[in-house]
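Written below as structure tokens is the structure these notes are about.
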Amino acid sequence: ERLTVFAAASLKNALDEAITAFGAASGTEVVASYAASSALAKQIEAGAPADLFISADIPWMDYLAERDLIEPASRVDLLGNTLVLVAPADSDVAVTGIGADTDFAALLGDGRLAVGQVDSVPAGKYAKAALEKLGVWPAVEAKLAQSDNVRAALALVSQGEAPLGIVYGSDAASDPKVKVVGTFPKGSHPPIIYPAALVKADPARSEAAAFLAFLQGDEAAAAFRRAGFTVLDGAAS
Amino acid sequence: MSLEVRIRHRQGRFLLDAEFASTGGLTVLFGRSGSGKTTLANAIAGLNRPGEGVIRLGDTVLLDTARGVFLPAHRRRIGYVFQDARLFPHLSVRHNLVYGTWFTRQRQAVADLDQVIGLLGIGHLLDRRPSGLSGGERQRVAIGRALMASPRLLLMDEPLASLDEARKAEILPFIERLRDEVGIPIVYVSHAVAEVARLATTVVVLVDGRVVRSGQARQVMASLDMFQGQERAEAGALLDTRLAGHEPAYALSVLQAPAGRLLVPLLDRPVGTPVRLRIRARDVTLAVRQPDGLSAQNILPGRITAIGRTDGPVVDVQLDCAGDLLIAQVTRRAIATLPLEVGRPVFAIVKSISFADGSDMGSSA
Amino acid sequence: MSLEVRIRHRQGRFLLDAEFASTGGLTVLFGRSGSGKTTLANAIAGLNRPGEGVIRLGDTVLLDTARGVFLPAHRRRIGYVFQDARLFPHLSVRHNLVYGTWFTRQRQAVADLDQVIGLLGIGHLLDRRPSGLSGGERQRVAIGRALMASPRLLLMDEPLASLDEARKAEILPFIERLRDEVGIPIVYVSHAVAEVARLATTVVVLVDGRVVRSGQARQVMASLDMFQGQERAEAGALLDTRLAGHEPAYALSVLQAPAGRLLVPLLDRPVGTPVRLRIRARDVTLAVRQPDGLSAQNILPGRITAIGRTDGPVVDVQLDCAGDLLIAQVTRRAIATLPLEVGRPVFAIVKSISFADGSDMGSSA
Amino acid sequence: MGAWLTPEEWTAVLLSLRVATVATLWSLPFGLLVAMLLARGRFPGRAFLDTLVHLPLVLPPVVTGYLLLLTFGRRAPVGNFLAEQFGIVFAFRWTGAVLACAIMAFPLMVRAIRLSIEAVDRRLEQAAGTLGAHPAWVFLTVTLPLILPGIVAGMILSFAKALGEFGATITFVSNIPGETQTLPSAIYTLTQIPDGEAGAMRLVLVAVAISMAALIGSELLARRIHHRIGA
Amino acid sequence: MGAWLTPEEWTAVLLSLRVATVATLWSLPFGLLVAMLLARGRFPGRAFLDTLVHLPLVLPPVVTGYLLLLTFGRRAPVGNFLAEQFGIVFAFRWTGAVLACAIMAFPLMVRAIRLSIEAVDRRLEQAAGTLGAHPAWVFLTVTLPLILPGIVAGMILSFAKALGEFGATITFVSNIPGETQTLPSAIYTLTQIPDGEAGAMRLVLVAVAISMAALIGSELLARRIHHRIGA
């Protein structure tokens, strides 16, 4: 009997690796359905046959928790990520540490700042929070270019459409056409967290719990780190 | 089977207000372009729905607006040869032909496929598509298609207009056989007076959507004022005769009419068969003395009963030849110089006779 | 303007292999259904592209496959009245009519709109769409459309087939005027021998895609073997006469031919005008003695020059009347009993005469 | 191609083909019916039906997907009814992908067929009627053959759309490999991860190849039909 | 409606209308040309052109959006050329949204027009030729009027699709209120936040109303054309 994991699309590379390893170790077949966290959450609400849900942000996990669709006890903050400012690889933009004194408006010139949608896409929400925290939101709000996912925002930068973009560290690391010009300080935005939880099922499946535990283990952690995520304290313990 | 039509139908600015009855046989709808012939045919076929009226075929009511009866086209079993052939472009000629047989319950076909194909000369076209046919070929296939559906009534809208004389001459006898032997009533739209005269049992004359004259063909045709203008030359009388004998040496047959004996090209029918003739006014010459030494040997004695309108060069003269009414077309000059008067005995020299059945226009003696 | 055609064109299994020349006037393409008349007309119009051959109109080369010349249809200025009217469904009758005028450079129109509308009797249809026209109305609009484009050559594919006699009689003289006065050469496809005889300058007879006979109308028409079967009755001779005088009292005119004087319905033309007549074989009766007391007063003396095939009831007899060749159709019985022999002097009694120009079939004396 | 694609991708390709084919075939009769109603029918609610049919075009696919989830989901009234009464389950099955694709492609199919129906010469149908053919037979023997070009066009549009659809599909039935992960879902997933471009491009080429094959096939078919109709 | 929508949503609605209208009008001549080529042309590369036209249907919109970015982006060859030579810039402009919508809707428009072209009775064009009309005039005076129903169908499909398109648009030119944030982007955004349904539904109703109006308008137009053609 196979397990079905609903996971945010950005986790695909690392999670696929972990699934292969878990399959080899336990003999349990796991399939992953990758999509936007919002879609996955609503599908679970509609009775999707998911055993485990890994969201790209907290609100959608909360959404299911409020509706009593996950096992509260199983919920963990599995992964974290960094938020970085990127520029095209050939850009001569230089920033020495992002802080309240960073003049985004000047850096952008008449260009735009590529971000995920600040209302809906997690990376966009973090970016907005960070920019507000740094007090530059009013200056850049009109210069945003919001995309429906963080990869699209990254593409705008790597294609040179936008001189700067705010994306996850995990995305920026792998794209040779962009360079990271700065990392947002940890305190500038809510912690970037990928929570995971077992979906309520009757009867509960022990393999699902086993897999969730495996994801918190060292082998999985290595895979997540290779993909640029930070493995949170709750894991590997 | 009788056909009874009494309808009013509005179509754009055109109003069809037609009433006629036919007791079977072949009813010709005759009238100028735009007079409403096709519209009337469509009403009979059920392709338009007159606002008001009754159409009855035998004892089937096809339409009765007062009682709210409207039999849909597909249940009328009326074969329709359209003015434009309307072949099914996606079907081969063969399938066009047999299309109607797919839907007729009873298997007593009016004509079998081989017969129709042979008659219409379309054997070599069977596997073609309509788009690869000539105009006349298309029309022939359309005739075959209507026949193959074993209709109870056949509507033919100028079916022969695009055919050559030879082909017409082959098809006309077949239509006559349908009318006489199979007994299918036929409604036939035509401009050609020759066809009308030859085929018609009943003639319905339409002018601007109204029936101005209808009735027995011989009555309508013999009326002096029916044909106006150029059509007058085609006017003529119908004679019912009986086959009296043959002269095989000259390939002639002898017909006996009340008016007298007439020689016509050999008819391959038994002695005693009734034969209907049409004698066109323009083919009758009058002589005031018994003629002699003429190649024309059909000469009927008679007496002038009426002389038509006398303006213009040509005048219609009606003769009574022992009860048969003939019409002769002569010049006004001849009336004055011979002279011709009502009551005067004359000889009608008949140059050409058309058969109202049998092969076409035979020139006789 | 002369027209010269020499083409080979394959179309499915049908091969058109036609060659003819005409020196202008009206060329009739004559042949049975499927013989290739429309295909030939299409080649002249540029709607198909023959694999091989030459078509020349005046000194314009329309096609010359050897030299790779193919003038596209829109540059040929050939007005085409199609067998199926092919009106533009999205344009009103008026716009259909004037369509061609939008593209003709020179403004010397062949006919003006009012004239065409009046002639064709389509004035009340101008604001209609073609879908609301009757079959004959459509064909009339199609004729008008072709005329309005001021063509250098007019192709007419059975243009009158769907028209009534009266309408035909109105349109034919107009076509003749185009031919004679405006000088537009016309290629005219027809099944109707009467039309052929009346209109043709040149006749081209097609059988199975091949030209079996072509040439001057009077020669082709007078040949005894041209018309087979039913068409024979329509055969006849053409006479060139001159208007010699009028007899207004009887509404007659007198024509002088080498063969003698002929009375015909009054012609509204000056004395001296040349008039062409057609005398159909079936309208000629022979007498071995001078006839007398006949309503028919056109009697021409002559001498028998040939007697046609003698199987069947009817025989064609050719006469020489002072140089004019006439044909009479008589029974074999008359040949034997009168008797008629080559060389015998006879009198030709002419019942009806068709005018090859002027109003249609006039019955004379 | 086998070596060129991972087994999972290979599965997605096959699934996509199956989904697109089944969606096209299943929606055909409904498409015909609705096209016929819209082309010929005069009934109240016609404008409403027309709008309804076009909605999947006008709405973001995600919205259509949600609406499907709300209607045909496991816990939704219609979905529940179908499952209980007929054992038809769409939710998170490949059949759901079929439904989503069929609905997304429906306006395209209906339009193409409807356009053809409106171009049919009704006088030919009348002629068939006079030959004794009941309207149903007229439809089968005359109308249907004459609108075949439109049907083929509608099917190819529908097939292509079904092949490319993922917004509604992924929202409605998620992206479960072997069950609901179609080719475009797989492509989409690859676009969402670092280093996914190469893989995405590979799959894009597969999609292009499939659609090219389908188009060439449909052209050949159309040409044969055209030839048969003799137009 | 003004009170019912936030000013930003109102802007998105107006922008959507503008983008859909402009995209439809601009793509019309190209759609006509391509439909004509595909329906009538016999040239090498025809299958390739056909596939190319259909690609936006087959590929996930996101991919089309990327491809647009790679072609018409500021640094991309075509985009660069257009910007330098003609000053046409798509990046982050509503013109980019127009381009994306036009391309996404292009296969629909082409198919509808092509279907109509294939249904034209070419003998009417021949007749026009014999009346002296140059092929270009034949096209304008005969072919074009006869294919009007197909053009209307193509335009309405294109308009509807443009109204609903956002996947390619947002990827190509992102989501800038007042510039590139169209109605579907707005709807999509609302579906991505928990409890956004109510807002999304409100906008969905707006989209439905617009498309219904467009459809009814096109029906009236089509009926008039039909009447004029007299079919």
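Think of it as A, B, C, D and E in the order they're written, each chain with its own count starting at 1.
Keep in mind that, in the parts below, a contact is a pair of C-beta atoms (placed from the backbone, for glycine too) under 8 Å apart; a residue touches a chain by one contact, two chains touch by 3 or more.
Given the structure is predicted, the values throughout are model-derived calculations rather than measurements.
Engineer: So if I look at the partners of chain A and the partners of chain B, which chains show up in both lists?
Structural biologist: Both chain A and chain B are touched by D, going by the contact rule given at the top.
Engineer: Over half of the interface residue numbers used by both chain D and chain E, so same, or under half, so different?
Structural biologist: same
Engineer: Which chain's centre, taken as the mean of its Cα atoms, is farthest from the centre of chain B?
Structural biologist: Of all chains, A has its centre farthest from that of chain B.
Engineer: Can you check how far apart chain B and chain C are, centre to centre, with Cα atoms defining each centre and the answer in Å?
Structural biologist: That pair's centroid distance is 26 Å.
Engineer: If you average the Cα atoms of chain B and of chain E to get two centres, how far apart are those centres in Å?
Structural biologist: 60
Engineer: Please work out the Cα centroid separation of chain B and chain D, and write it as a whole number of Å.
Structural biologist: About 57 Å, centre to centre.
Engineer: Between chain D and chain E, what is the gap in Å from one C-alpha centre to the other?
Structural biologist: The separation of the two C-alpha centroids amounts to 20 Å.
Engineer: Where in chain E do residues touch at least two different other chains?
Structural biologist: 62, 66, 166-167, 188, 191, 231 - these are the residues of chain E that touch more than one other chain.
Engineer: Name the residues of chain B that each touch 2 or more other chains.
Structural biologist: In chain B, 84, 132 touch at least two other chains.
Engineer: Write out all the pairs of touching chains, ordered by chain label.
Structural biologist: Final set of chain pairs in contact is A-D, A-E, B-C, B-D, C-E, D-E.
Engineer: Spell out the part of chain C that touches chain B in their complex, as residue ranges.
Structural biologist: Answer in residue numbers: 12, 31-34, 37-39, 83-84, 128, 132-137, 140, 157-158, 161-169, 191-193, 228-231, 233-234, 247, 250-252, 263-266, 281-283, 285-289, 291-297, 311-314, 328-334, 336-338, 340, 349, 351-352, 359-365.
Engineer: Would you pull the chain C residues touching chain E in the complex into a rising list?
Structural biologist: On the chain C side, the touching residues are 45-47, 72-80, 82, 84, 86, 88-91, 99-100, 102-104, 129-132, 145-146, 149.
Engineer: Residues of chain D touching chain E in their complex?
Structural biologist: Residue positions touching the partner: 47-48, 50-51, 54-63, 66, 107-108, 111-112, 114-116, 118-119, 121, 149-150, 153, 157, 160-161, 163-164, 166-167, 184, 187-188, 191, 200, 204, 207-208, 210-212, 215-216, 219, 226, 231.
Engineer: Which part of chain E faces chain A closely enough to touch in the complex?
Structural biologist: 62, 65-66, 69-70, 73-76, 91-92, 166-167, 170-171, 173-176, 185, 188-194, 196
Engineer: Inside the complex, what are the residues of chain A that reach chain E?
Structural biologist: That would be residues 36, 38, 41, 59-60, 62-63, 112, 114, 117, 119-121, 144-148, 152-153, 155-156, 159-161 of chain A.
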